[in-house]
Each structure stands twice: as structure tokens, then as C-alpha cells.
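Got some structures for you, see below.
You will see subunit A twice below: alongside subunit B first, and alongside subunit C after that.
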Partner chain A sequence: MEKCRIIFSGSGGQGIITSAIILAEAATLHESLNAVQSQAYGPEARGGSSRSDVIISDKEIRYPKVIEPNILVCLTQAAYNEFASLIRPGGILLTDKFFVKHEKKVDARLVELDMHREVLKEIGRPIVFNICMLGAFIAITKLVKESSIMKVLEKRIPHGFLDMNKNALELGITMAPDLEL
Partner chain B sequence: MEKCRIIFSGSGGQGIITSAIILAEAATLHESLNAVQSQAYGPEARGGSSRSDVIISDKEIRYPKVIEPNILVCLTQAAYNEFASLIRPGGILLTDKFFVKHEKKVDARLVELDMHREVLKEIGRPIVFNICMLGAFIAITKLVKESSIMKVLEKRIPHGFLDMNKNALELGITMAPDLEL
Partner chain C sequence: MKDNVVFVQGNEAIVEAALYAGLNFFAGYPITPSTEIAELLSLRLPQKGGKFIQMEDELSSMCAIIGASLTGKKSMTATSGPGFSLKQEAIGFAVMTETPSVIVNVQRGGPSTGLPTSGSQGDVMQAKWGTHGEHAIITMTASNNQDAFAVTVDAFNLSETFRTPVILLFDEVVAHTRERLVIPKPDEIKVIQRLKTSVKEGTDYHPYLPREDGRLPMSDFGGVHRYNVTGLAHDMWGFPTTDSTTVYNLMHHLVDKIQGHTKEIARTKEYYLDDAECLLISYGSSARTALHVTEDRRLRGEKIGLLELQTLWPFPAEEVKKKCLNASCVIVVEMNMGQILHEVKKAIDDPEKVFLANQINGSFIKPSDVLNIIRIIQGRGA
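Now for the complex of A and B:
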């Protein structure tokens, strides 16, 4: 496999870091891949945009920071404005339709999904927005299997909330287009 | 300030990653410092030891991985066995007395605290062991203020659990020796 460099970005309360950790754990604990997951906090963290990096590879990962992501997820306009220019030419840019307007010229395959609104409509709890995004993410990228994400969720999520998270994950999976990679 | 490189290590369920994220957020959101926080998952993650790195500095941080920590926290014997040799000469090694026996010759200042047992005795809920450790950590290192950690906890922890976390933080602070740094 090619090394995959990912940035999840958005605002503080959207569960960006949690998504990144769940993805990294799914890849390493359940698919025999290597992963590095990191957050850099600088002056911009105090401003608002939150960013979390994941690198996944079947080989050893030497440098843990993502410079040019193959896949960039932006869940707020501020995050899009700040990070869209980083994307590796030909990469995938996944955004939420409710939060982000595409205003820049970006050399990437755009996937714009109405995840926030669908989560509110179908599940009614915005807290699982990040899990819906993760569902769309794995369906688009085919990086890890749904069952690997579920195994991580089963270990992390209190029993009473597991079904809600599973529904959000599946909602994201059904929303994702089938890109040829 | 000198750049401070930290490794928290232990086993999966001990809240290692959460502690690292709380520390990084406290430093950046409430003390105007910069921080990078990361997890590397490789074959060893499947074995058992969990490790989370934090670098804190008042300057820009270029390389996000910790090679030689100034401060190493080990909460299991396996983590101690794996990581103790990494410590920067003269650094601080904080361990839990119940989980870790010092068996190696390490050029570091050893701080061995009975955090696990005290948390069980005083609070009765092992889930806040990581917060007690964080209390001891900030009291020993003086890296961030208690109030900065509390601000992060207030945002992250559901209201009904905040007092328990505050008590655990303060328990850790009272247990810490006053090292001359």
C-alpha cells in the first residue's frame, strides 16, 4: 500500500481528535498496519481551528507530521480556508456541505456530503457527527474495514451509546460515493 | 523555558492518551505555550504498551516525536521495561508504586508514588488514576498551573463527574514531592 497521510480539521467540539485516534487504533489493532496520530497546537489552536494528523502505512513510519495530505477532511469554513491549500495534488478533499463552501481552486477530488444535516435528521444527536464522517471516510478511502472501526467503538463507547454510534457510522458509509482510487 | 519532552506510558485502559491531550490543551489554550501531542502505534501497540508523547515549548516545535524524554511516566512494568532506557540523563522518571518495580539502572531522578492505591482508597474509582497522575506530574514539573488543567477538565468532563476529577487532580498534587528543578 502507498503511505496514506490524512488531516482531519474542524473546530474544537467536533470530535476531530477522537476520530483520528479511532482510525489509528482500527488500523493498528485490527488490520496489522502502522499508524502515527498527532495534534500540533500553536497560536491557531487558540484561534479556533482544530487539526489532527494521521499517517497509516504497512511499513515503518519515520516522520510523524503530515505536510501534504492525500486526504483532507474539513468540517468548518475556517479549517477549509486554512488547510485546503495543503492538499497533495490529486488527493481527496472531504467536506461537510452545511459548514463549508468551496471557494478555492484546489487540485483535488472533491467530496461534499450533507453529513451534519443527515445526522440531525436521522439520529438527532450532533455528537455523533464525527462518527458519521468517519463512516464516509472509510467508505471513500477503503483504508480500514467497518468491522475494525466497530471493534474500537465497542471498546471505547459506553454500552448504552453504542447503537447510536453504529448508526452514525453506517449513515456515513451509505452517504459516500464510490470513487475509483 | 527549555523545550520539555514528555512520554506518558502504560497500558491501553489507563487513560494515557487522554492525559497527554489534556496537558497539551492546558499548555496551549491557557498558558500561551506551544505543544505537539502524538501517538505512534506499531507492532508493540498490539502487544500491550501504550505510549503518548507531548512536547511543550514557548517556541515553535519543529519535530513532533520524542526521542529522549526529559520526563518519563511509566504506569505499568511492561512500559517501564520498554521505555526506561530512553530517558534523557538527569531527567525525571515518575512511576506508580503498585504497578512498577525499579529493576534497571537509570540515570534519572526517580519519583515513585502510590497513586493507584491512593485513588482507590480516597476516591474509589480507578478511572481517575490518570488525572491523579497528571496532578502529581504538574506539581513535580511546574509545567502548567492547576487552574489551566481544571479549565480543560471543565470543558471535557460531564458535569456530574467533574468533582471526582478535581479530587483526583488535587490528590496527585498533594502526593508529589517538591523537587528542585
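Now for the complex of A and C:
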């Protein structure tokens, strides 16, 4: 596979970093791939823009940061404004309809999904918004299998919340369009 | 998936390695970007019967690990930036009293409180000369989780072998990047236990009388032998002295026991050195960028190689000199204004061929930061 460079962005508290860790851990432990994950953060604890970089490859990964993402996820307008121009031409830009209005001409395939509203409607808890996004993400990119994500969730999520996360993941998967990759 | 394969941050790899090496006492004061080390050890260390203490500050943390080590415990502290400055006086005490101890410094941007959440390699010289007085010290680093694990175990081993504080000089990027770590099986990496004295109870024990091979067997402080420990220049009993011959021998012993074993302590990694005309020298997280550039340019047929340093002090000057011999240009890649650059220049006969590729703005050094320097050297402009 080609090295895939991904940026998840949004605001602090949306679970951006958690979803990046889950994706990278699933790739590393359950798909025999290499992955590195890191996050940019400032002295503030909440709010502000949040960004996490993930690289997935079948080769060793040396430089651990993402400069030009092949896939960019923006879950807030501020994150979109800041990061949309970084995307590698021809890459995939995944945004949430409720939070992000497309204002730029980006040379990328745009996937705009109403994830936030669907999560509220179908599950009723915004806390799993990030897992819904992750579901859409893996369905679009086919980077890791749903079962690999589930194995990580089973390890990381308290038992009582597992079903809600599984539902959110599946909701995201069903929302994803089938892109020619 | 095997049980010993985990997906963790560098800081977690350091914790796993310290436990593997037999850590049983940690004292610290959490500070970004080293915090996860203290956080995780506060859980893990008591589970295996060790002691974790969050102290009131960095000074007391360093003093506490010296005390614990003297009583026979493998001891460590972890800090960053301003915390490393605060530990310096007590690090000197550990040097003078020859107390095995491991000090993790996860470097962040400085000086002062600087850039708490950004990577930097500005403490290289401080690791060597941060505490006052003529002395020698061991400093090690690594660029990825697996190597961070290995050098951390090594740090404990060297600390016990040479009765010296060992600085583990990591940085924010290594500490906070998550990637695979394969935890070695017990006995896969050798763990060196403390050399204890064979002197029986009731017989005089000289804590500072080296054996023929220069090593000093220890006796747990507060145990069967009574002896003195002081930061003052001391004799073989550990009592203060100003006798010139005794002080001369002590000073030589402190420096020679480390400088004299540079070869044994030196850890380096080599990538594509055989025919390299352009040689990159790097360490810590910067070495990841340097290796990225090396592999990328190799694909284009350029004769470029990387020498990654894992031991910074004592500086492996002889090895660096040897590796630089056939290179037409040498580029030191680091996140400071050239702290290792000057060591490389000192080590080789033709220092005019050594250049610096660096970054000091808080961003992690990019491949383009290195490529621009290569282009300038080749006369192709930045």
C-alpha cells in the first residue's frame, strides 16, 4: 500500500485525538500495518483547534508528522479554515455538514456528511460523534476493517458504553458513500 | 496479536523499560511533556511492590532518588525544561557520591518555561555541564519507541556498572508519538544488578575504595556497614578531605571511569554508510527526519547515509571521526543552534565540511529543513 497520511481536526473535546488513536492502534495491532499517531496541542485544555496526525503504511514510518494529508477530516469551521489548504491535490476531505460550510475551492474529493445530526437523532448522545466519523472514515478509505476497530473499542471502552459506540460506528459506515479509490 | 505488542507513546515505552530494568523507586514532580511517565508509574510501580512518591518539587525529587538508590533501590526521576535545571545541583551530588540513578529529561522548548508542548533538543550541553565542577556523565537518547525501550534499560545497566547518574535525554516528539512497541521477554535484554560488597558485617567497608578493575562495590546504606556519604571531596571512607593526592585521585577516578570507557558506552546506529558521500549525523526525534531524507534521496540514487547517535555523552568522537573520513560533506541534524555540531567539528580533521540543518521555532524539524541545506551545499540554492 501507499503511505497514507491523515489529519483529524476539530475542536478540543470532540474526541478527535481519541478517534485517531483508535484508528492507529487498530491498524498496528490488528492489521499488521505500521502506524504512528501524534497530536498538536497547546497549554490550553479545552476549546481551540485540535489536530491529530496519523500515518498508516506497510513500511517503516520515519518522519512521524503529516505535512500534506491524503485524507483530511474537519469537524469544525475553524479547523476547516486552518487545515483545508494543506490537503494533497486529489485527496479526500471529509467534513460534517452541521459544523462546516465549504468556503474554499479545494482540489480534493469532498465528502460532506450529516454525522452530528444523525448521531443526535439515532443515538441521542453527541459523545459518540467521533466514533460515527470513524465509521464513515473506514468505510470511505477502507484502510482498516470494522472488526479491527471493534477490537480496540472492546479493550478501551467501558463495557456499559460499548453498544452505543458500536451503533455509532455502524451508523457512520452506513452513511459513507462508495468512493472509487 | 501477541500480548507483548502494544501501541503506546514514547513516555509509556520508557515506563515499561524502567520496570523491565528493575526500577523500584520513583520520585518526581510532573511536568509537560514528561507527565505521563509519573502518571503511569504512580499506578504501575506500587503494583509490583515499588515506591512512587510525588515530591514537592524537582530538587527534592532528585534528592529522594539519590537516598533511595543508596539504600539499594534502582531509582529514577523524570522531568522537563525548568525541572531539569532545578535538578542540577543534586545531579552533581550523585556524580560526587557515585550514586546510580536515572534522570529522564523529555526536552521541550526553552529557555525558562519556553514552549511546554513543543519539541526541542536544547539541553544537550546542559546534560553534560548543567551541574558545576569538572566531571563526566553518561547521556543517552533514542528516536523511536523500540529504541527508547532499549536505551532506558541500558541507562539502568550503565548507571549500576559505572556508579553514575545517567541522563536519558528524550524530547517531546519521541515522548508523545504513539507507535508499536514490542516488549522484550524477560532475559531478552540483559539486566545488570547492583554490585554489592562481599565485606562481612563487623569488618571495615570502604565505600570509595575502587577494586582493581576500578569498580566500587556498594553496601546498602543503613544496612550492616556504617559509612559516610558527602558531596565534599572525600577519602575511601567517604569522609571529607582536602588532601591533594586523595583529591587528585578522586577527580581522575570520577572522569576516567566514564571517559575511559567511551567505546563500551557508545551506542550508534548506521544507515547506508558504506558509500555515503553526504553523511547526516543526528539523534533523538531529529534522526527520524534525517532517516526519512536519507531513504528518500537513496531512492533517487544519491549517496547519502545517516549516523544516528544514541550515546551523546561521553561523545563517541573516535567513531564519528572514522565514519566521517570518506564523506565529502557532513550535516548535523538537530533542534538547537548546533550543540552536537561543535562536537562533530572538534572530532574530525576537516571541520570545514561540517554543516548544520536545524529548527528552533517549536515545530518539529521537517525533511525540507534538511533538504534546503543539502541544496545550498550542492550549490543549487535553498
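Just so it is clear, the second predicted complex is superposed on the first by the 175 of 181 C-alpha atoms of A that agree within 3 Å, B and C clash if a C-alpha of one lies under 4 Å from a C-alpha of the other, contacts with A are read in each partner's own complex, and residues count from 1 in each chain.
Rule of thumb we're sticking to: a contact is a pair of C-beta atoms (placed from the backbone, for glycine too) under 8 Å apart; a residue touches a chain by one contact, two chains touch by 3 or more.
From a predicted model like this one, the values you see are computed outputs, not experimental measurements.
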Task: Fit or clash between subunit C and subunit B when superposed on subunit A - done: clash
Task: First, second, both or neither for A:N34, with subunit B first and subunit C second - done: both
- [ ] May I ask you to decide whether A:K65 touches subunit B, subunit C, both, or neither, giving the answer as first, second, both or neither?
- [x] both
- [ ] Applying the touch criterion given at the start, work out whether A:D178 contacts subunit B, subunit C, both or neither, answering first, second, both or neither.
- [x] neither
- [ ] Using the superposition on chain A described above, determine whether A:I17 touches subunit B (first), subunit C (second), both, or neither.
- [x] first
Open item on the list: Quick check on the superposed pair: does A:E2 touch subunit B, subunit C, both, or neither? Answer first, second, both or neither.
Closed with: neither
Task: Clash with subunit B, by subunit C stretch, listed 74-82, 128-136 or 290-298 - done: 74-82
Open item on the list: Please report the subunit A residues shared by its interface with subunit B and its interface with subunit C.
Closed with: 21, 24-25, 28-29, 34-39, 41-43, 61, 64-65
Task: Interfacial residue positions of subunit A with respect to subunit C in the complex - done: 21, 24-25, 28-30, 34-39, 41-43, 61-65, 67
Open item on the list: For the complex, give me every residue of subunit B touching subunit A.
Closed with: 17, 21, 24-25, 27-29, 32, 34-43, 45-46, 60-61, 63-65
- [ ] Going by the contact rule at the top, pick out the subunit C residues touching subunit A in the complex.
- [x] 1, 5-7, 116-117, 173, 176-180, 285, 288-289, 291-292, 295, 364, 366-367
